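Structures follow.
Each of the next two complexes has subunit A plus one more chain, namely subunit B in the first and subunit C in the second.
Our next item is the complex of A and B:
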């Protein structure tokens, strides 16, 4: 167990509005990520995971709220104040220029960040390729000559070259085979220890999140509904949405979960339900859920939930 | 013994590429009895999709004529598959790419029925509304006249399941139909498929790389590695006590089982440069000199079969 470390990145009551219609993709999100931890952010497509990541990166303007990085407020600085926060794309194959050799792509990032000496660039690239478990000779290849797993490693190397402190990993194992997925997760853990990194890992794969994250936040329609240490959140999920997510994952023994499946698709940001946003799909909703948004309450220190009924319903086995 | 619904025997398919002949499938044999379900599992590049394409008769240009036999309801599909169109339903992987955005959902499916199902357009419309109800689309009658973008991802996958069932098939083939969906939607779609297949007595050939999905849906499983069947048997037995070293290593990577993030050393070989002997031997912890010399035969042992003579040897 790692001891409690200093907060590296925090967000308080963050609101992000998108487009002319000012859709609130992120609506009052607070979270804090400690230096050295792996923080998981889970939720269905369209719940605002990626928008939240873009706001934390400074790529997306914020309508309200505050973001701090290593103690300094960076809410309005854009990317300028946030070189220490970097982002690994969901599909690094698509993020590599097909006409550029891998080495040139890697060098470009260094040039932009002020490392222009050719020899130093080459040395750092060779060192980083070795660190992510690739042959430095791969720098002379083109993206299409690499496998999916290798492209994923290049995507990670490209970001780590910039010596970030916090890396946002967007679905780092989506589309990878089980054996490759295991290797990528092991690599990420090794790199975290070697370079003293902090991860924000966005995923809807609960199996992955469970294996690598220290703490987890569950997001539903722009809000965080439950936050906690991975162990306690998986052992005793309190929010009915978290329980439904856990129940939906298929298991090797073929057992069906006791929890009833969620009905309906996630509602759209254009028609956000009143009260608790989850109430139209919630199996244990009561009238107050439709009228009053639940406050965030402490289950234990470090485990928070936003649900009117978290104390009354025992979690499904 | 009743005649199998689908019987694949000695199937081999190769693709002509710039790097030479790629042997995508080699001596693949599988059967599905009427009403039975078989899951085909394997990693990218193991030949899963090519197997489906060979059965559906839609191999890409550049593929060699397949050798071996694919018999469906007793007739060979490789000799000509037109007669079987409509009797084999196909649910594709990506519900976003599989519908034409400029045509109404109903019209796209009615077009298939006009070609392959008996009856008038009015019959077809009536039947399609019934099917939309069976796949639990909201407002089934109105859904016929909507465009694909008016449906969510889960609803589009329901549409495609309805399309696959439109001509009353005896066999349903599904290619990772839930990978593009969220886990909660996946659970609903798998439940729906399971119910429809049981209610209609359909055979099911389900391709996936997710053992958990397989466990909820299929009676039997075939594990493919580098274009060959590594292991075949009842799903429960294979998942509980995998025999082939590849299956053992792959299952050990599963989040439900993994104790460490081990992975499997090495990578799947390129189809243009398959290793000699057993194709898994360069990555296998049990490999011996004999494994590189001759390909292992598929040993049948009761209900199960495994292509490894050392399947009883534990990992050291």
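Our next item is the complex of A and C:
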């Protein structure tokens, strides 16, 4: 873990309700991301990762809670806040307008954010394309003429042109083959150092998270169940859900995991279990889990867990 | 464009339209008797086709070939004006209703449905009674009944595109709704609008001719195709050439627009576009 720097983005007791049914996709999430770190957010599909990201981005209204950016409270639609926090889509090809040339798409972001001088736009675009390892001549192409890796680099370049401070990466390596994955991750690390970025990386690929993240939050059904430095969380997971996730990840050395695998699917947001949300699937649930939601407790200074039994169960059982 | 020409049927349609546009532009020079739009020569009425009058003459002795040629311009002008006016109303309605959610979208689409439910001919006849029957009234009626088709098309496209990832990405980098709608949604919806407009041109020509036939469209002595067919009724079956050639002109031009519209629809299908 890096030394703790100033907090860049924090969320306190964030609640996001979706649709007319007011489903609580995010229910009381608090997290804080330090400047310069790579913060991983993991969890199964549908646990609210993307909704949380959209809320942090200001694209999704917040029902309750507070988001601060560099100490200042962010309103949902403040433009300045928007430029500082940017989002790289999971499918970068589909995130580009198919009718617009790459160069025009890149220039558009600059136009929106007040850089309207053609020459300056072109200079910044050429510089950014070089920074993400692409030929500036690619600007004349259409999105469908690019490869998956190139589209991903364009997606990143488009965001970085706006000079954000926090970049939310949604599954940055999904759908790429391993060699391209590695190249994209190296590029992300290089860009972070070069532009002084902070990353919030959303993924369910624990291998990727383990390789690049400094700290990790594990999300289950709209709540964060465990937060900690990557090293300590992977070495000694405290929450049974984290342990199950780690166990479910394939090990290259073929060793069997100690924790039992997860059974069943996560419950629907329409029928959230009472008490601890994980108790119906939890291998170590006790009666109190079904009635009382566990409080967030400190394991160590930087490691929090929300489980009634974190002290009893040894992680290496 | 090149891909369009690879489709022989669409190319035929495109050729027919080009021919019609050419004829419309140069009608006064192409028509053998350009004055026959209005002049009558009662001594040579209802002559069968001959070298002198290739399409024969009508009940007032006017050269039918000349009148068919002179009628092209009106037919195209009416179609363009009606489709243009229908787009001016329908496209913004569809964009706004497709983008917004809630009462405004509901209101716009329900109004659209009401207009969609009004039968074109009845509205045209009613307007003709209220106002002076004439080509202007017919165009107004056609535009008032055709815009809902554009509204629905654009509405569906906007709804589809609103959920597209690139629109979400644009919102993410701070693009305003106006920018997204006008610069991104509209161009992406353009193929569907173009297809609708092309088919609408054919439809409008046909309906305008029908209104002319019923007497609420163009007024005599304008060289209107529908009106010519209507005037010919009393001289059937002896003067077969009288309704045949204007009818053929209507048929070919409508066919041209429909064939081109179908070809454009195939081109606009993104699945086909990708694979080529």
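Just so we're on the same page, the second predicted complex is superposed on the first by the 307 of 317 C-alpha atoms of A that agree within 3 Å, B and C clash if a C-alpha of one lies under 4 Å from a C-alpha of the other, contacts with A are read in each partner's own complex, and residues count from 1 in each chain.
Note that a residue touches a chain if its C-beta (ideal position, glycine included) is under 8 Å from a C-beta of that chain, and two chains touch if they have at least 3 such contacts.
Every value quoted in this text rests on a predicted model; they were computed, and no experiment measured them.
After superposition on subunit A, the partners subunit B and subunit C are accommodated together without colliding.
When the two complexes are overlaid on their common chain A, residue A:292 makes contact with neither subunit B nor subunit C.
Within the superposed three-chain model, A:109 lies in touch with subunit C and out of touch with subunit B [touch as defined at top].
In the superposed model, A:208 makes contact with subunit B only, not with subunit C. In the superposed model, A:144 lies in contact with subunit C only, and not with subunit B.
Counted by residues of subunit A touched, the larger count belongs to B, out of subunit B and subunit C. When both complexes are overlaid on chain A, the residue A:86 reaches subunit C alone and has no touch with subunit B. Put simply, the nearest alpha carbons of subunit B and subunit C end up 8 Å apart when the two models share chain A. Once both structures are placed on chain A, no subunit A residue is touched by subunit B and, in the other complex, by subunit C. Looking at the complex, you find that subunit A touches subunit C at residues 57, 59, 79, 82-83, 86-87, 89, 91, 94-100, 108-109, 112-113, 144, 158-159, 162.
Subunit A contributes residues 44-45, 147-149, 177-183, 185-186, 189, 204-208, 210-211, 244-245, 247-254, 256, 261-263, 265-266 to its touches with subunit B in the complex.
The touching residues of subunit C, when paired with subunit A in their complex, are 164-166, 168-176, 179, 183-184, 187-188, 270, 274. Considering their complex, residues 43-44, 152-155, 182-188, 190-191, 209-213, 215-216, 235-236, 239, 249-251, 253-258, 260-264, 267 of subunit B touch subunit A.
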